[in-house]
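Letters A, B, C, D and E mark the chains in the order given here, with residues in each chain numbered from 1 onward.
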Amino acid sequence: MTDKTDRAENEIDSGRRDFIGVAAGMTAAVVAPGVLLHTVAAAPRSEPVTSDVRWGLLVDTAKCADGCSACVEACNDENGLNLQTPPEGEPDRKWDAQKAVWIRKVKLQDNQTGRVTNLPMMCQHCEHPPCVDVCPTGASFKRADGIVMVDRHLCIGCRYCMMACPYKARSFIHQDTTDQLTSVPRGKGCVESCNLCVHRRDYGEASTACVDACAAEGHHAIVFGDLKDPNSAINQKLKEIPSRQIREDLQLNTGVRYSGV
Amino acid sequence: MAFLTNFYAFLFYFAAFVLVAGLVFKLVQYSATPAPLKIPTTPAPTTRTGVVLRMMREVVLFESLFRGNKWTWIFGWMFHFGLFLVTLRHLRYFMDPVPFPIQLVQPFGIYGGLAMVVGLAGLWVRRFSVDRVKYITSTSDHLILALLILIGCSGLLMKFVFHTDVVEIKSFFLGLYTFDLKPLPGDPLLLLHLFLVASLMIIFPYSKLLHAPGLFFSPTRNQVDNPREQRHIAPWAKKLEQQ
Amino acid sequence: AQTVLAAEVKRYVVEGSRAAELDSCVEPTERMRRMHFEFIKHQRISTVHEGIRGTKYSLAGCVECHISYEEQQPQPIDRPDQFCGACHAYAAVDLNCFDCHASVPNGGGLDAEAQAAHRAAGVEKLVQSGRNGEGH
Amino acid sequence: MAKATFEVPELSEYTEVPAVKPGAMAHSSTFRAKEEFQQDLGFPGELVEDWQTKAIDKMGELLGKYRSLRVYMDACVKCGSCTDKCHYFLGTQDPKNMPVGRQDLMRKVYRRYFTLAGRLFPKLVGAEDFTKEVLDDWYCYYHQCSQCRRCSVFCPYGIDTAEISMAAREIMDSIGVGQKYCNEIIGKVYKIGNNLGLPGPALIDTIEGLEEDVYDETGVKVRYPIDEEGAEILLVTPSADFFAEPHVDGLIGYGKVFHEAGISWTISTYASEAANFGMFIGSYENMRRLAQRIREAAIKLKVKRIVFGECGHAWRVAYSFLNTLAGPWDFLDPKYPVPQHICEFTHGLIQEGKLKFDKSENDDKVLTYHDSCNVARASRMGDTPGGQFEIPRAIIKATCNHFYDMDEDTIRDRTFCCGGGGGLLTDDLMEVRVKGAKPRIDALNNVMQEKGVTHMAAICAICKTQFSKVLPYYGMEMDQVLSLHQLVSNAIVLTPGEDDDEPDGDEDLDNDNETDEAA
Amino acid sequence: MKRIVYREWRISPQRYWSILGVLAAVIGIGALAFGYMEHQGHWVTGMNNSVVWGMPHVFAVLLIISASGALNIASIGTVFQKPIYKPLGRLSGLLAVAMLMGGLLVLVTDLGRPERLIVAMTTYNFSSIFAWNIFLYTGFMAITIAYLWTMADRQGGPFNRPVGILALVWRLALTTGTGSIFGFIVARQAFDAAILGPMFVAMSFAYGLAVFLLVLMFAFTEEGRPIGPLMFRRLKNLLALFVAIVLYFTLIYHLTNLYVEENAGFESWLLLKGGIYTFLFWVGWVLIGGLAPLGILYHPELSKEPRWIAAACALVIAGGFATMYVVIIGSQAFPIQMFPGQTVLESGFFDGIDGRAAPYWPTIPEVLLGLGGVGVAMLITAVGVRVLQFMPESLADNVVPPCEETLGRAEPESAPA
């Protein structure tokens, strides 16, 4: 193969990224010092996760800004999705349908009132996840703390979970991956989706990349927290504003809630 | 350690010598013996290519055995095909660099190993349960089965339970080529495995294991059915003609 | 079956990696040679399913310690001339972990994990790794 | 039912594999050849002094001469695939009649004297000294093998027990232990020209009678020429064809076919025997000597082609070995294979449309067909593999309206031997013959019950004789077995020659005897 | 009663090997396609994150349900004791095993990580229909092989009926299971219907019988074995019946869908506005796969002609293909309704902006992969009938066992073949 050139390119690439990385890090440090503080304080988890917590998100669509996509970019960045490049020779339109997306921005218009709503969609971390029910190998699973994710050592790439997910939350990796992040391994032939930034959870960080980004943009449209802890920020907010689950009729009891749809 | 290494090195030199010399002797003997008459079991192919095809079917699929006895065929074929895969997988210990096709089939050797042991077990059960086969079985038949099963089981145990240092083994065997003795890991299972393998190599040219080369020399399978078209006469028979 | 590695046995630890300067892997070396895949297999289950990040058999940890550098650039560890790659090529064992896993250390977040591993193994943290991939 | 001094097996719907019963047939040894018969063939008259060494030496010699023997002694893995394939085992339950059991009689001696393992650890590998008991076993069981090769079909290495029993018989002959039946008959051929010992004048007499019979019956002058120099074809046929029922009806059929083909032919009094028992005793020299007679006759009678009549092992020797033993045949017409089988000849004419049949002549019969083992598994007809199965069936279908095959597992190359081949067609082996026929008769009985089959056609003198003799033991009629060419003979519509008194029907066929060519 | 003689397929070696050669080539090309997809990743297929199952699944599902349907013939023979079908039992069993193998192979080779097949076979999630199906499939294989044994071996006779009943039950479970792979998907409107299970059963009968008939006719004519007109009539009537049932279920399915209000959107899309899917539904599913073959099979003259019956079978199979395409792909392409009463204006992920269907256009490799699976099924069948006694020597009317339904009636035209 074109190993040599590839590697040369990668080196340049990673050099460039190093630089940008540092730059971005500095910007982040300037913009949101509070976020970084959490990181520093964290220690890796050494006990198994328990069901004492259940992680969840609350999206206040009223605050979600038209034209903003900071959360999407942050997620891509956090999980290395922005390192995806279309395979050589693939037309853009096809690539759009095939590249992995963990969080997406959706803009809706009510058929009756004509009201426009903006919201981010990601895996809803269902309590009764259909994706887990159907997965033949048990690769799709729900962690004790409510995070639904894919054990990619077991996933055979059958895509049944994608068929079953009512929210189209999952993506299949259609091509070879290179330059993955150490904290987020990902590769060809497996299915993936938002995992509530699981590595952040295990290193004890306070929130997710998307939440941080939204806050950093000043919108504060997403709140992250423990749904089981009555005092958590998310529960406070849930009490405050009316919210619902998308496709409540399916009774999946999602961990991601929306207000204003 | 050094003693073990030296012992095994010697053992394998010896076993390899016996195997090669014995087989060469047998092959020469077989090919030197004339087949004075055309005796293919008909219907037989009438061309050389046909014969090659027939032989391939026999070697790869055990066609005649298939027609003869389905159970024996299932187990026998499982065993041999498994053995074949295991052999391919084992080639990685003896070649450096490992050719790409071997790398590719290497993982299947594990299933081969399982199939091989299951097949052997089936064949062995038959030696006790079918009275006809029991009648024709001699001690050596049991011993060979036992030997192969033990080789298989010790190998599988190494693969799944008591891992050994594959890399060290490989350097030991590669070292043997250049008479450069490298240490052999002292895991008992490995030593057992290797000892049995050496025994297998030693008995090969003296036992019924000769069926493998034998098949290729079997006149009922390797002859072309064309006696009316081509005169076929052995050297010693030709002498009769000159009298 | 524990035996001590004889001196003449071929080694794979690469010059310039942190491991090259240390005496022992996270387990006795001859044990690692036989069992490393079992260790990391168990590790991966507890990490992925239970969220445990702090044990010594972390794959990211292996990479950290065994990675070697050329002109300050870490070299992908599964390359046929690098630590994992070389041995696996010799033994003809497929190594597909790095289809997904980063073959060079680049996880800032994981430094903490690496630290834990190193602590457990009684080694100091020597390598500083930069976090790539940000800022696109 | 014929009276028997032994228990005739019960017929069953299918031949089940019986449990082994060691020693079940140990009592059944064929008669030894007397001194005079032995010497005719160049063998010692009685058991020689140091027979053991001589036998081992002979074995060594044969191992060096026959690759088959060499390889087969080594290759068997005791897989057991052949164990339930021999009709003698199925009929007698004696494990030494299992092909591998039979081979092992020799193999244990081979291992003892010719392999390292057998010399060092005889017990371990089942090696044994060549003792008198072993020799007796050899004599007994190597004469309970009809050399039918059914075992070789199913052996993964094609181990052919026939090769081994031939070698064993040759070794035994070489130390003076020969079989009466075979060796006497071979002597007869050398002295008189055929197995039955019919001298030339008697033969001519019989054939003339035959010609008259056919004329009386059909009103057509069908010729049965003998010793006619310059004939196109030399017909070599088993001597049973000259008079015995049902064989002779076959010969009548050949004559009618030649008549219709308009090709001149002849029988030779010198080579008046197709059978070659040299094969049965595994003696290359004797087989060659017998085959040479055909060459001499062909040269003497200046024929252009050689056609063989219906006989199984004779066809094997003719098809597979004649070229080797008595070739090259460059003085014959190269357009035709040497030799041809009468079925190939008849089938060729049928395909060319030269024969006319009235199938209804055979409507009184419902037929099945017995593939004779030597034809099925050791030779061929026509130019495609398997022609030996299709050509005879095609002839039957052309001449009969009702034909059904027996069970698939018992026909074509899986056919069961009639039980009388390989030099066992002697009364002193009646028990073996009757029991060995069981698998074939089971299958026959089955089609008789299910399809109403009445007759079985065969193309082998030994099969026909054996069945005529054995069928009654199983409560069937001896005339249920037929010659294939008897069917042809019944159905063929003859064209009268100029000098026939009752010209009837068909004038449209060309009568010009000289110009017609059949291929 | 006359014994049915089974015999190996004995066409000339040249012919046989050239058939095998063609099949091997098809399989080889399929294997190359597999290698290509594996090496490159699935981006070389048309499948994407919206239409996650594509052409390979169309082939695989068609093969699998046909497999189950093919075994139906054997069941009718043993379980429902219609002796006329008995001689066909073995071939039907073989075909069932072969098609199942072919179908599964396609499924497996389409996986994102086929090398982990062993994972799929050792780690199960028992709440997954898919995992159950793995048992259903392997069980089906084992039972069918046992069933074949009871049909072929003399000692198997007594077990024939019990095993036959088990096979029948298992087969129904298998088809229902396959149907349920879709049926239990609450997320997709088209699938979320209980009727999908029985509909799949009906389809399996029709497609399985059509394939069976084609194979039977091909194999028999190649070797010149006779099939009597009576036999033909029975089989084609059966086929017509199954095709009619499929049509009936289709009707019910869409009627109930229309009735349930929330599915009305899907129905009007599929029946009227769905572009290629609408076309395939009407022309493929209904016309080619239903009405046209029915027309042939009930035509007083045409239905007596083997050629026309073969044509009808081919139509049924082609229609089945279209049906599967519509069922599997159409229902994925139709956007999932996440926000009832809202229209999606923008989305980063093909959420059906303005109700548009998701894009999917099959690429050559996936089609070749599917064909490879068909090749495998045919190869197994061809080798099977060649080496073992699967096919009766003759199906002429005077050989096959009489059929109680025709016994009473005189059958003048069925002269001996």
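Quick notes on this structure:
Assume a residue touches a chain if its C-beta (ideal position, glycine included) is under 8 Å from a C-beta of that chain, and two chains touch if they have at least 3 such contacts.
Please read these numbers as outputs of a predicted model, since none were measured by experiment.
Minimum number of contact steps separating subunit C from subunit D: 2. Contact with both subunit A and subunit D is made by E. Most remote chain with respect to subunit C, judged by CA-atom centres, is D. Among the pairs A-E and A-C, the greater number of C-beta contacts is found at A-E. Remark: subunit D and subunit E have CA centroids separated by 53 Å (rounded to whole angstrom). Between the CA-based centres of subunit B and subunit C the separation comes to 41 Å, rounded to the whole angstrom. Taking the mean of the C-alpha atoms as each chain's centre, subunit A and subunit B sit 56 Å apart.
Under the contact definition stated at the top, the residues of subunit A that touch 2 or more other chains are 176, 188, 190. Taken residue by residue, subunit B touches two or more other chains at no position, since every residue touches fewer. For subunit C in complex with subunit B, the touching residues are 1, 3, 5-6, 8-10, 30, 33-35, 38, 87, 89-94. Taken in their complex, subunit E has these residues touching subunit A: 40-43, 47-50, 52-53, 107, 111-114, 116-117, 119-120, 123-125, 127-131, 133-134, 181, 184-188, 332, 336, 338-339, 341-351, 358-359. Taken in their complex, subunit C has these residues touching subunit A: 44, 46-55, 60, 63, 73, 99-102, 105-110, 112-113, 116, 130-136. Those residues of subunit A that touch subunit C in the complex are listed here as 11, 14, 17-18, 20-25, 39, 42-49, 76-77, 80, 82-83, 141, 143-145, 149, 151-153, 176-177, 179-183, 185-188, 190, 198-203.
Residues 1, 92, 96-98, 102-103, 106-107, 162-168, 170-171, 182-183, 185-189 of subunit B touch subunit C in their complex.
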